[in-house]
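Here chain A shows up in two complexes: once beside chain B, once beside chain C.
Here is the complex of A and B:
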């Protein structure tokens, strides 16, 4: 084999190796930007669809990236329990995580030393993303209700919107796949880049936090890009067609970003943030696959081929709800059925092997962002849990809610500064 | 949103939708070929590296695709137990699977009816790959030792090379992740395409076979493309650098394809086939990540940054084994240490959530092809299991061996015809 071609050259974006400059010089953050390979999808304000899947998404901004950002192809999501009881140690970890996230989203390794470090010390980075492109990696942190239980003096800062989710009809939640003091959502177009990021954050947090549960998602099920076709879920349908696009500044302000009265009092630190609901939804694909096509289409309220609502021709045609069966999924999930409730969906399909009964352990890892779950996910899921015809084929087996703080403004800012200051 | 842009247009390859022609006309197999988007990697003979990750890989040929084919990015692997006791029913299933595999690898849906079918019947295809490109999907079938246990009158056709693997030092095998009467390896550059294929084969086999275990792989760890950099495993190292390339006809003939005396007697039906070893190798990444860089490099016998063997400058430089520690991984796995044993590696990294102890359930799903495991995997793993310094950080937790029959020659041929005829 040739010894010349040592560099992967699959595209225009700079490789991590190029970004950090292997000569040993420290990283100049923004190097990727100078290379012209930054995707315009960082701050969720008037951003354009992203074509270059190898590019870097800016980390700094008024909102965290990974919400309005055009949905990446792959997901690694992790919920953490905080093990330390020392508030200062937790704060230092959040600062360390922020610096690592800045570097990794720019396509660089964690830490200046990396492989130029001492052979006597463990490497600053685990190395498996070396040579890979930034791949539009975004890292989005959230704080769970249990973080506010008094251990860290945060009781007075628990927002009213950070409720305990009610038990919905049909819920069959596994505590081992639910909750968490912290979460990090890693999205990227290359799964190795997403896995690398979560693993390095877990490594940095060793002894202070422990992974409570995690979930890989192999395929996006939603679009936050205008005019794009909605990807299909594992039932073969397009769902969530009317999702909020990353460019719809007004809908984002109305339904997703916390501001004004929602960012007052205990929730003042949430100005510019959002609330994230994560649900692991097991789909009984084997049963579904034996269901007649007509029944499948009635259950969703769409045709399967095109994704058009009942009686309409195209996916994005306005649905006529009264033409649908009263228990159809689209009708029950529609804002008009739920007092206008609108959420930004960012879910991923998963397949985690088999369930011991010869069936695939597959489904939807549902992720939804909203400014207040009490007027977002809760009314929608109350409608669905009560009557959705789809309930015969699905089961919610994991659940978590997180307050997602605003973006990191600059290199002096850090994840959770307003909460802990 | 616009209603005009209903078609995903990410690249030059035709979408599945285009391939099958939505007007309702039946599929002309080879339509993808006519479109000029077929990757030259079908039969493992003198094939070139593939640039277009959306293209179709030819299904027919003297060898099955998915072995010498340039390694795709993603994997879904499934092992099946055969539930039927009726040989004719099993044969019919293999014929049905072959026809479905022909269609899916060409980028088409299973069955002519698909969505033009009757609303009273379940769809012929589950639908989640509609609109996706062929994505270099390959489907590779294998037959496990238990298929020859007498249920189907195949005792006399069990090849001598289809042994029971010995228990290697350090093995900690989970029976629920081991063995299987049949296997199908689905590789594709889009994971949704690989998952769709396995799921539809399982659906077609409902009542006759059941999924015993399955494994998703998110990142390839090997290269079968000349001159390419070897992808990194989850320890951050390049491993298997001297892998057999899909273009190395002589090495393939010598080490991978069954022929001549190996395809005589009971094994006559294996002419043009190969043997596949699958091992689920759990990697204790948290422990590894706390190991000093110098120790990591000693364990592998390579430097981490470049992947060069000890004392050398470049990944593909010839290793000088005596410069390495006696228990280093590269030295112990090298053909010179194992009587020339050489295998074609096609493994993938996996991350399957957490293990209940706050650690990632991550590792390597090792796949290796060879003409005879008795002169391939067995001597290599005997060396490694006994002494590899890496054993402190890994554990083999699943294992299976399959006889992989030759390729399907044409539209009248089917998977296993020579075995069952």
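Here is the complex of A and C:
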């Protein structure tokens, strides 16, 4: 009864149940596309914005979706330790994950679905996304430095750019919230769709991998869509207003996608990939909220209402750095201060309840993509960690770096094929 | 629309199950078509689509077309429950599956979940008598497991007596020493004991398992009540001595009844999974033995019990799903190897106190449990398919 209602109201995008109902397992992807229901994310680069928040984002392409893709509203990010010592078993898992990711991003259930199977067996799919739209779910995999420690014969494939991040001033990192052999970033406009994806991948992985840590994000803090409003962080400010947009092919090629000499030698398998820095940044929102407006604006180097740089009228006006205080956030983070270092930000606000002292356990789960961290995040964070006036209100408590391989080209390709072949 | 698809699926599943059960020997096609039994529950009726159907692996597709939440029971002639499903909301469907022997039964719908229900007599027929239907391998597995369960129960009583004698003698140290070992046979076979319903709450309940209105001083009995007396209160008084007598008595009742438990290949496989569930929710967290911190002893016993079921079902499961069997062999071995790190002597049940197992080590144990429990959840299907 309610089932029919869900199907009727699914609107432009197919509901998960409907995708299954049309074609069953093998036909689901074709059915969705043939129905014309999916708003394609466009130009083969997977970069154009998708307006319909219920639509599906294509999984296949030269780059992984979830980087230049228009930023979705919600995040579930998980880092995994690989538990198996068997390379073949790890490869099989990556293949199984790829197939599951293809299905989930299209709005379909994993495996044989969530119901209708043998009553004695637990269903393949956990079921909580039944009836929900694809919700622009993207699943993006990354490989951490520890994966290249020799367990899987990958030592000589560790790219030079996959460094150990240095200790930055002010870091207070919790090892239990840092690192990981693998990561999966799940972004979607519906939080249940993102959580369903991570949960099902973790379940498929039991025995081969184990979740090391994971993070939910409830609100995007960056936009990769040039004409969209820059979202505000939990301090109430727009930040990263000059972010790289999904449509800026040249800037993406220059700052985000690995290619050419960066994809040579040990890093040849990274052609079309990127490097992801994840940082859990705790924000002391209570002390911030007691800070006078003028001081808040000085700390960021922007006005609060419009987000315009000091002395300017509009958010996107080119900042005049020298007009800002030397320790202001915008000035220190700006490419001009850091030898041109430019990164694509894709972070999310988080609130993991309270901390037992009556304060919000809140902050920014910072995610940034770049072609090389040595010319991207590292110089920027070195300059910020040393002098940023914001440091009085924030603390970096988790950290990880991942090599994000190129996209999965088609249904025979799989996550990490170039690395493991 | 859904109903049509649903019954097709159910029929296919049932046919598959029956085929396995009968060893593919006889007219499985006819049975497949007969397989789906639907129960339409309304506020004033309980319509069963067939009055006679084959015994063995039975699937009831229940639909509540009434306005009240209902329950559906399959009952023996003496009203002993064969299987049940509660809380079926108006307009919803549920599937009930069970292995049922040939004979006369009652199907009862209870709209509003009260009273004796609206009853229908049914007959489960003939060649479908469970003993005749199961393959010799399945029968052998069940028989061997039944012996195992009885042997575990029989061996537990004297060990419990060592424990309860020490309590009665007021000897705290001796009682502490005998405590964990007295629980091993119970922990290995717990799902069977739990199937009786009334014994587990008497002997193995934790303080937080009591209901509102129950008084721990009066209503809390069993091992964990004595555990608290020994490790936290550190005193044994008249009440504890009486509780020792009660524990002996309740467990003697268990030993007497355990032979009558309904055991099927499916319940063996599900029991193995439930033992790992016990580990995941109670032992890995340190909740089960919060005063004695002997959680790893229970942990090991749960794994041993699960492994026993698996070993006995292996000949059947190997035919249907050799990959699953290989994976389970591997994961049992690696979890056992991990547990061995916490005991000096592999033949003893003296394990490291769980208090001394830090968060990273607990995470490792938890990962090992997940690695085993996930494939173990597929064993029942591999046995029946």
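Quick note on the criterion: the second predicted complex is superposed on the first by the 392 of 421 C-alpha atoms of A that agree within 3 Å, B and C clash if a C-alpha of one lies under 4 Å from a C-alpha of the other, contacts with A are read in each partner's own complex, and residues count from 1 in each chain.
FYI, contacts are C-beta pairs under 8 Å (C-beta built on N, C-alpha and C of every residue); 3 or more make two chains touch, one makes a residue touch a chain.
Owing to the predicted nature of the structure, the values given are computational and were not obtained by experimental measurement.
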{"item": "Joint occupancy of chain A by chain B and chain C, clash or fit", "value": "clash"}
{"item": "Contacts of A:203 with chain B and chain C, given as first, second, both or neither", "value": "both"}
{"item": "Touched partner set for A:76, first chain B, second chain C, both or neither", "value": "first"}
{"item": "Which superposed partner A:229 touches (first chain B, second chain C, both, neither)", "value": "first"}
{"item": "Partner contacting more residues of chain A (chain B vs chain C)", "value": "B"}
{"item": "First, second, both or neither for A:316, with chain B first and chain C second", "value": "first"}
{"item": "Contacts of A:413 with chain B and chain C, given as first, second, both or neither", "value": "neither"}
{"item": "Contacts of A:119 with chain B and chain C, given as first, second, both or neither", "value": "both"}
{"item": "Partner chain in contact with A:360 - chain B first, chain C second, else both or neither", "value": "first"}
{"item": "Location of chain B clashes with chain C - one stretch out of 255-263, 309-317, 345-353 or 399-407", "value": "309-317"}
{"item": "Shared chain A surface residues [contacts with chain B and with chain C]", "value": "1, 3, 81, 117-122, 176, 203, 206, 210"}
{"item": "List of chain B residues in touch with chain A within their complex", "value": "1-8, 22, 74, 76, 81, 115, 117-123, 125-131, 176, 190-192, 195, 199, 202-203, 206, 210-216, 218-219, 226-229, 231-237, 245, 285-286, 288-297, 304-306, 314-317, 349, 351-354, 356, 358-360, 362"}
{"item": "Chain C to chain A touching residues, read off their complex", "value": "2, 5-6, 9-10, 13, 16-17, 59, 91, 95, 97, 266, 269-270, 327, 331, 359-360, 363, 367, 370-375, 377-378, 380-381, 383-385"}
{"item": "Partner chain C, residues of chain A touching it in the complex", "value": "1, 3, 81, 83, 116-122, 176, 203, 206-208, 210"}
